[in-house]
Every structure is written in C-alpha cells, then in structure tokens.
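In what follows, subunit A forms one complex with subunit B and a second complex with subunit C.
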Partner chain A sequence: MSLPLGAFELTVERQQIPSRLVRMAAPTASVAFGLLVGAVIIWAAGQDPILAYTEMARKGFGGRLALTGTLVLATPLILTGLAAVVAFRMKIWNIGAEGQLILGAVASSGLGLWLGDRGIGGPVGIVLMLAAGAGAGALWAALAALPRAYLNTDEVISTLMLNFVALGIMNYLIFSSFSHWRDPSRATFPVGRFLDDSMFLHRFTGRLHIGLFIALAAAGVLWWGLRSTRWGFEVWVTGDSPRAALYSGMRVDRKILSVLMVSGAFAGLGGGIEVGGVLGNLDPRALSLGVGFAGIVVAALARLSPLGVIPVAILVASFTNARPGLQVLGIPSEIVTLLEGILFLCIVGGEWFLRNALRLQRRAAGPGPGPVEVETAPS
Partner chain B sequence: MNDSVLLLSLASAIVIGTPILLAGLGEMMTEHSGVMNLGVEGMMLGGGVVGFWMSTQHPSMALALAVGGGVGALFALIHAYLAVTLRVNQIVSGLALVITGTGFAGFVGSSNDSALIYARPQSSLEPVFGEGMQELPLVGPLVFGHDWVVYLSWLLVAAAAFWLFRTRAGLAVRAVGEDPATADTVGISVGVTRYVYTMIGGAGAGMGGTYLMAEIFATYQHGITAGLGWIAFALVTFAGWRPWRALVAAYVFGALRNLGFTLQILGASVPSDVLNALPFVLTIVALIIISARPAAARKYSAPSALAVPYSREIR
Partner chain C sequence: MNGDPTPAASTAEPETSEAGGEPQEAARLNAITKSFFGVPANDRVDFDLRWGEIHALLGENGAGKSTLCSVLAGLYHPDSGEIHLDGERVDLASPQQALEHGVGMVYQHFRLVDRFTVAENLALGHPETGFVASRRSLERQVAELGRRYGLEVSPKAAIWQLSVGEQQRVEILKLLYRGVRILILDEPTAVLTPQEAQSLFTTMRAMAADGQAIIFVSHKLDEVLEVSDRVTVLRDGERVGSMETAEADPAALARMMVGRDLSTRARSRTEAGSAALSVRGLTADGDRGIEALREIDLEVRESQIVGVAGVAGNGQRELAEAIVGLRRSKRGQIFLGDVDITRTSTLQRIKLGLGFVPEDRMRTGMAGGLPLTANLALKAYRQPPLSKGPLVSKRAVEERARTLEKQFDIRGVRWAMPTSLLSGGNIQRAILARELSARPKVLVAAAPTRGLDVAAIEAIRQILLDERDAGTAILMISEDLEEIMDLSDVIVVLYEGRIMGRLDPDDASPEVLGMLMAGRTADAGPDAAADTAPDTGADTAPDTGADTA
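Up next is the complex of A and B:
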C-alpha cells in the first residue's frame, strides 16, 4: 500500500518488531488524541475540559485517600485483566470474566457466611473463602470450556451468555428468594447477609486491603507461569498454532480446559476479594459494574502482559474513582464512562502503528540517494 | 379469561420482541459479512438516546427512527474502521464500543439544560389496522393490533432473507463472510462490503433503541436497554444466522421477558431473575446442540471468517 506525496511516497509495511520510539509514542499519542476528542465533547456540552481533567487526576491520584481508593478499585480489574491475558494468550476468547467474578463472589460469600456461623474465621477461614471464589470461577468457566474442548463450541458466545446466567443466579439469591445469602431481617429492601468480622480481609490504611497484594502476587505468578514453565510454553505454542501443538504431542483439549479454568479462577478470586475486602456481603448492585468487560480492554491495552495489566488497571480505576468528585463540580459523571470508551477505542486503534511501519520514500522513478526512512509517530 | 391473558402477553411479546428483532437482524447482517460487533448494547443506547431526543422535538416516529438509526450507524462506523481498516481484535473493539455508547447515552441524557430523563415523546404510534380487524379472534391482537414499526420489522426480515439467500449481492456478502480471499479474487471489495454491513448493523441497533425508548417506554432512563442489546446479540446465534428464525426467536425471547408477569396473573410464581436468564441459557444449549451435530453445524454455524480480519498480504 502506498500513497504518492509529490516527489515522495508514503508506504505502509508490516513490521514484526516495532522500534522502542514507536512502542512508547503510539500509546502516548493515542491517549493524547483520545483526551483531545474527550475535551471537545466536554467543551461542546458547555463544561471546562481543563477543569474536568485536572479534577479527574486529582480525585484519582491526589492524596492518600484518592490513591488508596483508586488502588481498591484497581484490585478486581487487575484480576479480570489477568483472566483475559491468560486466555487471550492462547487465542481462547474468554469474555465471561464478569460471570466468573460473580460466581466467585457467590461462592466466597456463601462459604464465608457458613464458616462465620460456625466460628471459623481468621486466616484459615479467609483462605478457604478466597479459594472457594477461585474454584467457583474456574468451574463456571468449565461450563464453556468443556464444550469448547470436546465439541469445538464457540467460546466467545458461550462465555458471554454465561455472564447473564450468573447475573440471574446472583439476583435470584438476593432479590427473589430467602436464601442462605440474604439477610432475613430485611424483608422489604433485600440485601445480602454480612460476613462475620473475622472473615474480612486485613486493612492497611483507608480502604486499602490485602486484596491488592493478592492481585499483585497473582500477576507475578502468571508472569512466571507463562514465561518459565512447560505449561506456559505450551499455552504459547497452542495459541500460535494449534496444529503444531497437536502434532508435537500436546493435549490441546486439556490445554483449552486448563487455560479457561485458570482464567475463570483469576476472575473468581477477584469476586471473592471484593466480597471479603470491600463489600462484606453479596451485593448485586455493586457487582454488576462491568469489571469483567473492562478487564478485557485492560488486558488488550497491556498487550497481554501480566505485569503490564497492573499500571493499566490502576489508571482505569483512577477514572472510576474520580466519578463522584466530578458530579460535585456539576460535570455529569457519565462523562467518565464516555471518556473511558473513547480512550479505549483510540488506544486499541493506535496499536496499528505497532504492527505497521510508515515509510516516507523518494519515488522510485526519481534520481537521488536511496530511500529516506522516517518512522513516524501516529497522528 | 386465561385465554385473553395468554393472548395479551403474546401480543406484548411481539412488542418487546421488536427492538430485539431490529437490533438482532442488523447484527445478523454484520456477521454475515464476517464482522462481529459486540457493541450492540452500546449502539442501542447511543443511537436510541439521540432518536429519543428527536422524538421529543418532532412528532414523527419515522424521523426519530431515522436519526436513531443514523447515529447507531455512526457508532458502528467506529467499529468498522478499527476492525476492517486497522484490523484490531474485534472483541476488544466491540466491548470498548459498549462502554462508549453507554457513556454517551448517560452523558447526553443527563447533561444539557433540558434533561432527557424528564422529557416525553411528542406522539405515540397507533395500530395500523382498524378496530374491526383488531377485534378478530386470535389474529386480531396478534397480527392486526400493531403499529407500523412492527410491520416494518416483518418486512425487513423478509427483505433480509431474500437479499442474503436469493440475490447475487447477498451471495457476495456471504462470500465475504465465509471466504474473503476468494471473494476478493472474483472482484468483490471485502473492505467496502464489511463497512456497509457493519453500519447496517449499527442502524438496526439504533432503530431498536429508539423504538424501545420513544415508543415502548416513552421515556429515557440510564441503562434503559437493560441487556436487550446482549439478547439481540444472542439472537443471531440462537437463530442460526437465519432471518426467519430470528423473527420467531425474537418473540420467544420477548415472551420470556413478560412471562413472569403473565405467570403471576395465572397464579404461578417464577422469579423474573430466572426468566431473564433463560434466553441466554437457551442460546448456550442451542449452540452446544448445533456444534455436537456435524450436519447441523454445517447448516447453522457462524460464517467461517467471522471476527477474522482480512488482509491481502497475510493469509
């Protein structure tokens, strides 16, 4: 593909390894472009974009309270991001992190309540509670993984559908039944029963709880697992060429099953941590906020790097954390969601510059020295 | 008595099934060209909110639908650019579009001096056929009791079925969705086809959202689609990428939305949470059954190149 420009022509070539300059410049420029589009929209709506942006940065990161709030919001996002990373690495498109997180929250709160009733709290109870969350997430993912592995059923649609089934289960447990999860003393305004105090995750300062460090550890483990274990190598090979994997003797069906279940376990752990660290009960109003879908975008923006998920998730969480502050200023807080969407679209689009090189060359017909290579940053 | 309750709930299943059908039929066209747009819910909200705004400004529903459909198509254009031209992962782009459309609807709905939340459409639609025909037993409420948008959706189903499976142009679209390299070889422009059909899908979603807000609910609220866009996405799979099946499936899904209410009148109590999840359960079951039977899989499976970006250089 080439575009003539006077004596020069602009050609597009595919590249395998982008230069360091482009690797830095592409996302930066994409973010800048997205913020610019957002600024135009805020301005068109009669608000001050500069004020909105400075306020968003301040409410996201300015001060201890803002920062810990952002980190608390980032915790489930890191885990759903990791869930997407491990599956997408093998080109298994798990878009069911939402539902796996919900089922994780259901199982964690269920077991947490049961253990609390029997006086088994503290570290042992908490570990069991979080393990139940991860396990439930894995099993929920298995509902899509088994047909995918053995019948080749499209996992995009099945994992997506399972989100809404999970949502239905959670709503049923709180709103439509007098289940183990529901607070029996609140008949008219249904809420989930609260865990015993001994089941809450340890808090440091403000709302910051130990869950963040569990999520960071999970990122480290996944990084190591994908990089340095046989399992990670096989994930990589299978993703690149399932046929090569099959002919070299790898059990591709089992790989699909294990990868989807590991993916579900990350998301389910996120649900458990939300229950034990933030909510204290099964709260459908708080657990249907799109963390699963956002996690997929986070993973894509982090280019499927387990460690890259961490900063991206924190950045996205800072946006969400800024919501209430903007509302106070009279700027509709929905602008945050809109801006998030625009930034996601721009950064995803900016990835093009990592896979393609623009070269400005003298036209072949003209005399002169050889091709002048100018690698350009995205517009 | 019970008969009429059943009949009324069937008739209202057709009403709530119509936005699902419009959006689902659009997404079906998109997917036949090999593009998967997960952003239906976002396009429905984003297109619908502008269509709804139009209905509060002008009494013409046709104008509102056109504006809503147009905005939906513009949202889809973003997806088409990312998916077709820049060849990014369509799942990621589609989900980003859901977030964008939801944020856009929320922002438009709550900003401005005249908040759309308090606005009402200037008019509502009347049934097309006269009283006499509406009072016919059975077919009266089911067939003759609707406004023109419902009949338009039936017409669109017939048109889509004819277009996709009985015309050369439809064959070309399906060729692009099944095997873009071959389609390219015989001179069909893969890029243009995918852009056009992605935008048709956005228009369907925008129209569905407009009809939902301007006619069915006659109001705008945050998140008013409440997952209907996702149901429309499921519809395409459940219907096996066939327009006529989509017509039936849309009303089955619509009926499930109303079933809780109907059953309550009839004395049975099934929680609405369970019923709301049923369309998704049915879709998973249908998907698994189809993939387990090779003969069915050949006939009712997704276009082979669905969600696969096309480039001449890389095969």
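Up next is the complex of A and C:
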C-alpha cells in the first residue's frame, strides 16, 4: 500500500507482533494522546481544558453521588458491551442489542407485574423476572440467528431491523393500547405500570443497585466461558476459520445460534435490570437511548475482552454522567460527545500503529536515483 | 521506458543476443536483501540475467526464489541492494513500474478476469487501451503473438472456459502484449500436465531465441536440466551458486539445493489387509452445482496406500470432502469398515477413525489466526485429558502441543504466534501430528507435500509410509506424479470426476499416467488399457484393489 504525496509517498509496512507489555501499555498511551488532542480542541473552542477535565472527573467520579450515578449508568453498558463481545468474537455482527434490551425489558416488566399481582416477590420473583428478560433477549436474537445459521442471511441487516420492530412493540404496549404493561389509572398521559415494591432490585447506597454486581458476574462468567470451556474453544476456532471448524467436526450452525442467543441474553438481562433496578416500569422514553449501540463502542474499545468491558463501560458512563454538570458550568455537552469520538479514534488508531508502520520516502521517478529514506539513514 | 505496445517492440530491441555477438546483460541484482518479520527471505543475493537465455532459479520452498522474483517484478521493495536493468540502475516501486521497464511475472495464481475474453484481459490495464478499444485489431494481434511463440489460444474465448494450461498462456500473452522482454515464470509447471509442460518449454525456447530473457523458477530438477541455459541455486535465502546447465550434474545440483545428499527410499510393500474404506458409486456435485464426481468406486485396504492421480480440478477436492463429510453426496455409499457413513456427520466420521489432511492447509486444515497449541487440539479437545466434561484444560492443551512438537519435529514455533506465520512444512507436520495422534483407521491425505521443500517432502512421505506399515489405510490424493509413483500400492487416475484407470505402480510410467490424466485412455498403452475401468461403475467395485494389490 502506498499513498503518493507530491514528490514523496507514504507506505504502510506490517510490523512484528508487539510484545505483551507494549500491547498492555498501548491503550493507556492512546487515551492519554486522545485527551491531549481533546484538550487542544477544548482550548480552541474557547474553554479551559484543565477545568473541563477536572470537572468531568469530578462529576463522573468525585463523591458518592457522582460515583454511584456513573456505576448505575455503566451497568446496562457492561451488559450490552458483553453482548457485542461474544458475538463479535465469532465475527457475528449483532447490531441488535438495542432491540434485545428492549424485549428483555418488556418481558421482565411483564412477568414482574404478573408475579407482583400474585404476591410472588422477593428473590425468587426477581430471579424469575430477570431470567425472563435474558430469555426474551435470547429469543429475539434467535429470530435473526436462525436464518443466519441455516440460510446464511446477513445478520447485520436482520438484527438492525429487529431493533425497530422491538421499539414498535414497546411503544405499542404503552402508547397505543391498554395492555398489561400500561398504567390504567393514567388515562391522559400513558405510562407503564410500576412494579410491586417486592420486585425491585436491592439497593445499596444512593441509586446503586445489585444489578451492577450481576453485570460484573456476567462479565466474569463470559470471560471464563470463552477461556475455559469447550464452547469457548469452538467459538474461538469458528471465529477465526469456519472451514477449519467444520473440518474438525464442529457444528458451525449451532455455534452461530448459541452465540447470538447468548449475546441477546446479555442485552435482554440489561433490559430487565434497568426495569427492576432503575425505572420500575416499562418506560419507552428511558429505554430507547442507544445503550445497545453504545455497547458496540464499549466492546470495540475493550478490544473484545469481557473483563476489559468493565472499565471501558464505567469510563463511557462517567462521560454521560458528567454531561449535565458540565453544561451548568457553560461547557457545552457536545464537548463530551466530541471527546468520546476522539478517544475512540485514538484507541482504534493506536491498535493500528501497533501492527503497522508508516514510512515516508521520496518517490522514485523512473530509473532515477535510489530511494531516499526519510526516517532511516540510506545504506 | 517501453511505451510501445505493439509486439514488434519486443524484438526490435538492439540488445538481443544475436545482434551483439557477446550476450548482454538484461538484468543484474546486486546484494538484494529482503526480510519479513525480521527473518531474511533474501540475504545479499546476486543474480544476473542475459538476453536470450532461460535462466532457472532452483531451490526448495522457502529458499527465497519467489521473493527474489517479486523484487525484480516490483512487488517487493528490497531492504537493500541494487537492481540494474539493461545496464541502468532502477528503483522499482510497483509492478506497474517494472512493467514499464519491460519486466513481467507470471504468478502461480493467475490474475485474469474469468468472465472476460482473452483479448479483453489483454486490453485490461494496458496503458494504450483507450476508452474505446478496437476489438478486431486486438484479436488479430493476440492471434499473431500466439502463433509466433506457440501460445495458441482463441482470443474470443472467455477465461473460465479455458484449461489451466491455456490460462497460463494468456498470462504470458498478456505480458508479451505489454512489451515485456524479461519474463519471470514462478513455478509454471506446477499446474500443468506433462504434455502442457512440454508445450510451455517450446514457447520458452522460442522466446529466448527471439532475444528475450526468461527466469524459470522451479524445484524440479528434470525440468531445469531440460529447458534452462543457466541455473542459479538458492538455499535459505542465499545464493549457493550459478552454472551453465550443460555443465551441471543433477546430483551436484540436488546437493546444492538441499545441502545434503537425498536419501533414496526402497519401496517395501506390506501385505494389504481387509477393506477399511469403500466408496461405491459415489456421485456428488461441485461448488457450482455441476457433477464433480461421477460413479466413483474405490477401495482402500488396511496397510495400503491408494494414490489418486489427476490434474487439479478433476474432482480430487470433492472426493476428499465427500469422504470426510464436508460435501453432501448425491448417490452412492461410503463405508468405513462395515459402517455406512454416507449420511453421518463429520464428527461421527472422526470418531469412527477417519483422519483428513486437507489440500487447503491454511483455511481448512488450520485456523490460521490461532496459535499452534489450539490448532493441534482441534479434534482432540473433546476427549480427556484435554477436556473434562464441558471444560477444556489450557495446560493439557499446551502439554499435548509440546509433546507433538517434539514427536513430529515441528520447528520455529513461538507459542503465541498465529499458525499462519509458520512455514508450509511445519504446518503440514502439525496437521499430520494432529491427525495421526488420533490413531485413525483411514487417513485421507490431499496434496500432502504440495509446496513443501525437499526435506519436508521426504519427512512427510516417510511419515505416511510408516503409518501405512502400522496398518492404516491411506487414500492419498496428489498431483505430483513422482509422489504417486513413489508411495502408492495402487494408483487410480481421476479425470473429470471419473476414474479413468487403475494401475499397479510397476506398470505405470509417467507417460501412461500423463495420458490418463489428460483423459486419453485409448493411447494409454496395453498395460493401462487392461486395468482401465472408465465409467462402468458398480460391477467393477467388489474386486477393485484385490487384483491390483
């Protein structure tokens, strides 16, 4: 590959595989570089970058309220991040975590209301409620997974489109019908019926609920499952080479099905936890904020590592948490969006530079003089 | 610069050998060094090429032949060293620039547009091709070039209709049409029948006589001796030496190439046992939905190697895939011992004792992005000690890999490294290690030594022979006749999805086999004709193998 630039040209060369230490240090360096670029832009926009960063850190992590707020926001992000990780590991592009999360919320709130009506609350009820969310997410993903596994349809299209169907279902249940989910006492402004108190997830301090620990456990289980089980080994092989997987007797179709359903289950569990831990009802306004798509970014930044998803999700959540506070200080919230984008580019770019090197050299014009290396001395 | 597109340009050059008396230098490479991942593929290699000569580049795989050619063809930029063309120092930044200097290479994998005609492929990418091209004058020029060099191929034929040999002619024509005077042929005979190879040699001689310079890359001694004027031997990225072919001694060349004398192996025939793999009336479709296998009858007995000869693309891949369960068979039956496996899964067949060395090592035989440890466990991960219930023990996987590494002499392994970075020989050893460690009753080995260096070929053939002596039934599919002759206890020839003939290796000369491979039974001689069972299917099935083994 080469890119002509006047009398010079830029060529790309593959690098040797970097050492483990370099690979570990690279993301940190990339984040630092991203923050530096962001600082220049904030400064250019007429704001004080140091103030902006300290405020972001303070609103994101400073104090109990800020910290618990960030962690509550991070919980569904961790789960949708895991949903993306497991699917992308096998190069199955599940873009439908959004819809799977919504269906999970629908099922969890539906069963939660039903159980609450019958007085089956507490741990048993909550476990059933969350299981329903995970199951619904898995089944919703199966709608795309079955044709992908057996008819080789494009899962990007099908999972993406199912997001809109899921959104439509949720909106219908609350806004366009008098369903089981809708609060009948509020006729003028439609809202979802609230769960019985016995169905709420346990809260520790502030808004921090047990859902965070469920998400952390889920990350641990996925990490272990991919690393230490036969299923994880098969996902690894299939993701790298489906032909080699078939050759060694693995059922690639079943692997596609199971991976997409596990992916959907994570997202669906995220929906259930939002309902049981934060919202208390099926609230279309709160559930269509793009957490599913953000999970893809989280997974990419975490380089598809299940445990890496945790810090990345918390960092991204801290930005979101800091946003309103910054606006109060006169720092536009677009700065935060911008910063997220810059960090993303820097981390992905850092990955690329680990594996490739750029060399600028003078272009050879026909049978002219030999190459003049700009970076290295000519031999 | 050679901007003139007409074929006449190639011969109008003043530097041709006849004109000057003393042969002049067409190309000189000085101290070329090129490394990949820190490993030098070429280490200070000198090479010179004269007008009007066929210069063979001989060496094992991995000796650096292809790298050196790619440097001259502008595909790789050398780390250091100089390239002189026609006495003038040049820097070749791209294949495009090399073409402008009159250097062109025919790669092992052709770069032709399948749906286009021969003439269209020649016009494609040609600098003189305008927005509107004159089809007729183009076709006339193609025909004329073809006649001059014996490269006859219809200009109006679409590429996909042509045989591999004809496609190669198109590649050569394409370069001649662009005014190439230095032609590099990278292992051109690998894909050809013996007859096609002869016709290629005729073409090469005609071009050399016309004053062009040809680099002929090969690892086949006989061909080098037959066709080249000079020969340069590379080994491990370094130049070992150059000499006039007429003065070269085959044994000495082989020694230069390998660095040691080749061991010759006396064939020891073992008594074949009962039928381990039986194929009856097998018919299956190829990837394009056309029947690729027609009424195949085969039998492989214990302690027997049945060699399947044939030119690539005559059903070999489909046969292997149907037997191991990667391809659905339309009709017929496959038995492993007495078990009908026609409709069972690949996994079931593996469990019943079927091993497979696929021809496509990198994508089918291995998951290239995974480390070798994982690849060595590809099948064994299901059983203890590698797995306990649903869990896989990472430590057991690594321990097993280390044992197999030693046992099968797999070299150059760094454990976190993607398998695709290993050399072909080591990858093949690893595949064999994995398959044989499962103690298969039947091993299907497709192109087991293709693209490997001489030492690796020897080692892998010996492994196959030892395995046969240990009682395994081996179905070996190979395009390498020498290999077929050397290892097989029974030879069958596959042509257009049918079995053209069954031979005893003692009765099979390369000529007889070559004819059968080209689909000509009538001229195959009395020996072959007697054993030939073209397409009469089932009635010959019960006693195949029995009368030849």
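By our rule, the second predicted complex is superposed on the first by the 319 of 379 C-alpha atoms of A that agree within 3 Å, B and C clash if a C-alpha of one lies under 4 Å from a C-alpha of the other, contacts with A are read in each partner's own complex, and residues count from 1 in each chain.
Note that in this section a residue touches a chain if its C-beta (ideal position, glycine included) is under 8 Å from a C-beta of that chain, and two chains touch if they have at least 3 such contacts.
Since this is a predicted model, take the numbers as computed values, not measurements.
With both structures placed on the common chain, the touch criterion links A:246 to subunit C but leaves subunit B unconnected.
Legend: residue contacts after superposition of the two complexes on their common chain; A:107 is shown touching neither subunit B nor subunit C.
Once the two complexes are overlaid on the shared chain, A:177 sits against subunit B while remaining clear of subunit C.
Contacts of A:95 after superposition: subunit B is touched, whereas subunit C is not reached. Contact with subunit C, but none with subunit B, is seen for A:231 once the two complexes are overlaid on the shared chain.
Put simply, subunit A uses residues 14 to touch subunit B in one complex and subunit C in the other.
Interface residues of subunit B facing subunit A in the complex, by the touch rule stated above, are 36, 38, 42, 78, 81-82, 86-89, 91-93, 95-107, 109-112, 222, 227, 230, 233-234, 237, 271-274, 276-277, 280-281, 283-284, 287-288, 291-292, 302, 307, 313-314. Of all residues in subunit C, only 1, 37-38, 77, 80, 82, 85, 88-94, 97, 100-101, 324, 326, 345-347, 349-350, 356, 358, 360, 363-370, 374-375, 377-379, 381-382, 387, 390-392, 394, 416-417 touch subunit A in the complex they form. Against subunit C, the residues of subunit A that register as touching in their complex are 2, 9, 11, 14, 16-17, 227-233, 236-237, 240-241, 243-251, 363-364, 366-371, 379. Residues 14, 41, 45-47, 93, 95, 147, 151-154, 156-158, 160-165, 167-169, 171-172, 175-177, 290, 293-294, 296-297, 300, 332, 334-342, 344-345, 348-349, 351-352 of subunit A are the ones that touch subunit B when the two sit in their complex.
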